[in-house]
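Following are the structures in question.
Paired with subunit B in one complex and with subunit C in the other, subunit A is shared by the two complexes that follow.
Here is the complex of A and B:
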């Protein structure tokens, strides 16, 4: 029995992944169920048909931000980006569409154009290790920078100025304008989408939370990929560009770094790539400190945004709002607390929780089994996934009041995008009217509870894999569960007073 | 070069979008202004003013305050709007921070509430000569709508005043007069002499702030020709009018300036051929 038990334990620790994606639990092949979707995605004009309208909208937003009213609630730049887009991203696109935003994002358009000299068509050739003709310097991005640390710091920097970004159109113009210029510059110098992979602050956010998404782009059968001699998904072909995210679909296991540009769907000679519907929180593996620190940063920012932008503490708002109030000393104090909490305090508390859990579980190990105790590094990184569903739901809970309180601004700026007295569709003077603000707390609490539920459930699954034994798994998870519960309660108190 | 059709459509769409947006914006704004002008009363010359209210640093300004120059702005205070009697005035009002309320009390105009980011249009015929203060009639405070509203301090109301001067189109002055108004001495000199038919250039200086809104200068039976309101302490205001009615008329303050100045009177004497007294 003991031997059988050992075998079972080994199988639990290292399960053989199925070759066929559909064999994974809860997967539905969307291209098989809806062939029209596959036909749409395989069109050469896809995703240009999404990017071009977005690019023109983006241009209109920039114009509105520069020449329109400086009043945020009356400028489409602020209202559409920080109320509508942000809510759509957090509530719909990320949880149900993974990185579908990246499919249609206009930011890398000019970088792509510099490299491809094409908007719709594909160029066959032989450059930068691909079977496409690419232009520009096409250098290789330094290996030391091939992580998401730049995105982490970038997002933290942007978040430091959130009080200005979400209220002053010009601040958002400067931010988005800078991103588009950086994206184009990196497109000239480096091959493929270096900007999206390693620099874009929004991409870092999407990469983390797309792990929870119910949508994935995967190869249907990994064996087909293994036998494939062309590897067109990674190398490109006359049907599609080489993956700009530098991914070989045969090894893609997580949503994190797939921008869903769908080029692999077009280029795969075996029709082996498809979109799959899957259960919530199916990707469960964080890899590396950069990814877990992303989770720390995002959780702290969800809290700080909620406190500064939604909370009743006017003095805190004044500290963050240096451009209006001019209290630079207070602003630096606010920055110090924010950065310290995100980069040191929360990671330290989390570390203590993991360390305690490890000690608790290790006490249950029999003599001679000490060698099978997972390392602190493994536990620290792997358990970090628990912060992902909790963080996403915290962001969603933060975003709910934004849309419920400020939705009327969307209706009015559609008619007057620049706040200059226009009335294109007759809705410019649509009155500000919050939609059932009394319901907000009742929506936020279940969301936070759902985040905690998934954090604990997925945490338990990870613990089982790491420890191989339910009792030790539960023990190792207790301090972390206490920490996650405390964070959830803190959010609940913050939101409901 | 053989450019595929799809590529051509894509590039054309982008170019059209990039060029079309600013062109449409320009066209639409011109259309809005034309419509406002068409709806304005038709009298005399048309004067169009785009006035923006700012609580910080507290002023009405003709300078455009937009996204790009909001932080770096150095707008100039609009201290005077000068038009001729009988002209049409078209004013578009905007606010870049908080709710303001534009008013010209002497002409019974307003108050017209202007919410941040909204635009209101006001038009009227300046049918009464004089100089009339315009101001913000509300304590400029945050309208409190949503997170985008961050300016909560009440500021700006005090400085948001200016003068609408409505004059009759007259030639060079035949007589130049100067009057000082103070609580101690009232109107100094207390009697002003001109001849019937003279074009009078009058300079009124205030040595008092009254009860907070300055002092006024008005002449009975000349109210539609000379009515200078809201002259702040230390300010001078120069105004031209035609003394076309002979007689002796009472000078008084048309702005409530406290008991002493309200009770003080002067005399404006217009000597004419008939020499009738009033």
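Here is the complex of A and C:
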């Protein structure tokens, strides 16, 4: 408690964070609890043992996309990628596994191979600031592009053609084929995982929503990292490659740019890196405009997909599906609204809410305290985190009907992956039967409520840190809380009709 | 790591202080190498800091030899629980955003020196042994000199200490 003037104010004391990860609230050291898991990820063949089967599946899907049925629901590529994989990513992998998809993703395989000339073994050396021998041009990615703006725009571009992508196998073949070629090309020219860090559109969204995940890869004790002289996690060693995501584990405090390749687990000379289980939404710091715009884009896309793909408005669906309907003027109108909403309208409304909140909280300041008012930039970026749990839950709510209505396609397409009349496992004629469609709304509403709950709770924690006392923190959040609640209600109304 | 620096005798404390400076020089060398392809200026500055640490080591080694001759004392910073002086980055993502600057290097060095000064100073309040007390005071004064020298250098370079945004945003 501190006395300011004549009023007694509740001051928030911010202690130094503990240097041991296990001392943070709710952390469980999974490698300590399950030593077999540590042994598994320390194998040099990990994660190749996941990537190679995934790569084979990827090629099978590409072949199915090229030579299989052009009807989306009869082609394993469309059904497995846009229904099964997408749902698994949103509902399981991201919330409970952070960026585990990146651990096994086949897209950077060829780029990695070009740089390492190896799939399993590691090579000691002295290339490009690392302690490994690397090959290729190994240039540093341009500083101006060292952010996630390219991923933001890339995802928005893909989303603009989503109606086409999710129904036409050849469109998905072209998209995925292009990504693997770009990933390999960038791997030849630039050092480490440039494609994953700055270009891959999926990586951008994984980066944002992995902040909510209940899994993290961290150093066990930051003091051990401080005392480390080799910094092998970042520089590499004869035991592991230098972090391909170019992060330093000694100060890692958020999941965004950790692709969980586990090289640092192998290279750490102190056995100081572990997987930790943790509470939902533990990372709370957005650091740049590129990151908060990612949150705007994802929230607008969740809304637009829900309206276009799930809503009852057939005309809107026609506008988005230009390839089938051929209404280019309507398509450009749809694109204009989509891009304007994601890049300008939502950020503008959010800005007004933050500005209002700042003015409300600043009114409670005494003369002479103006210097302690957080800057608009700080508030704009930091409060942006509230859009992260809200956005993830909106995407999950959107994906629930996708799997509950279309799950039967997965069963039938396993037996007839190319849509050519095969019946490999006797399930090709499995009838289309939505799974309890009457339950969908009852699942979506609690999900959206949970997103709002975490947005407000974590928003309050951030506000306390920024403003220092509870009253100002609450006042500063009021307009934003109104905006977030309005967005949640809009989603609820749309999902429940 | 099994024991506290508070359990050490003067000879061990001084030997540890020498080892700490050696290890810090190694850390600077690692950072200089790591950032060599990102920012030449930052990398060079890390390297200059390495030389500074080796100079600090030489001073402490002279002091050790004046007191204990060539008698070696096998101790390293990994042998004690506390972090005495360990230069570290303030951020995990400097390479991702390619945003390391000479300010970051100076501030990392300053944090390490201030940490060491504070650490030795805090120990002066915990010991009764006059020899240890005098040694801790002397080491705190050395670190105070390092802090002052670094601040003067930062001032010459036009960098105010504590002027960054504390990693809140880019």
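Definition applied: the second predicted complex is superposed on the first by the 482 of 497 C-alpha atoms of A that agree within 3 Å, B and C clash if a C-alpha of one lies under 4 Å from a C-alpha of the other, contacts with A are read in each partner's own complex, and residues count from 1 in each chain.
Please note the rule applied: a contact is a pair of C-beta atoms (placed from the backbone, for glycine too) under 8 Å apart; a residue touches a chain by one contact, two chains touch by 3 or more.
Here the structure is a predicted model, which is why all the values come from computation and not from measurement.
In this overlay on subunit A, subunit B fits alongside subunit C without clashing.
Touching more residues of subunit A than its counterpart among subunit B and subunit C is B. Within the superposed three-chain model, A:432 lies in touch with subunit B and out of touch with subunit C [touch as defined at top]. Once chain A of one complex is fitted onto chain A of the other, the partner contacts of A:60 are limited to subunit B, with no touch recorded for subunit C.
By the touch criterion defined above, A:378 lies against subunit C but remains apart from subunit B after alignment on the C-alpha atoms of chain A.
Rounded to the nearest 10, the angle at the Cα centre of subunit A between the centres of subunit B and subunit C is 150 degrees.
With both structures placed on the common chain, the touch criterion links A:247 to subunit C but leaves subunit B unconnected. Annotation: superposed on chain A, subunit B and subunit C show a minimal Cα-Cα gap of 28 Å. In the superposition on chain A, the residues of subunit A contacted by subunit B and by subunit C do not overlap at all. Interface residues of subunit A facing subunit B in the complex, by the touch rule stated above, are 44-45, 48, 52, 55-56, 59-60, 63-75, 77-78, 118-121, 163, 166-170, 173, 309-310, 314, 317, 321, 323-324, 402, 405-406, 409, 416, 418-422, 424, 429, 432. Subunit B contributes residues 4, 6-7, 9-11, 13-14, 17-18, 21-22, 25, 28-29, 32, 65-68, 70-71, 92, 94-97, 116-119, 121, 145-152 to its touches with subunit A in the complex. Chain contact summary for the complex, subunit A toward subunit C: residues 128-130, 138, 140-141, 143, 146-147, 191, 197, 223-231, 234-235, 245-253, 256-257, 285-288, 377-378, 381-382. Interface of subunit C with subunit A (complex): residues 1, 23, 26-27, 30-31, 33-38, 77-78, 83, 86, 88-99, 167-170.
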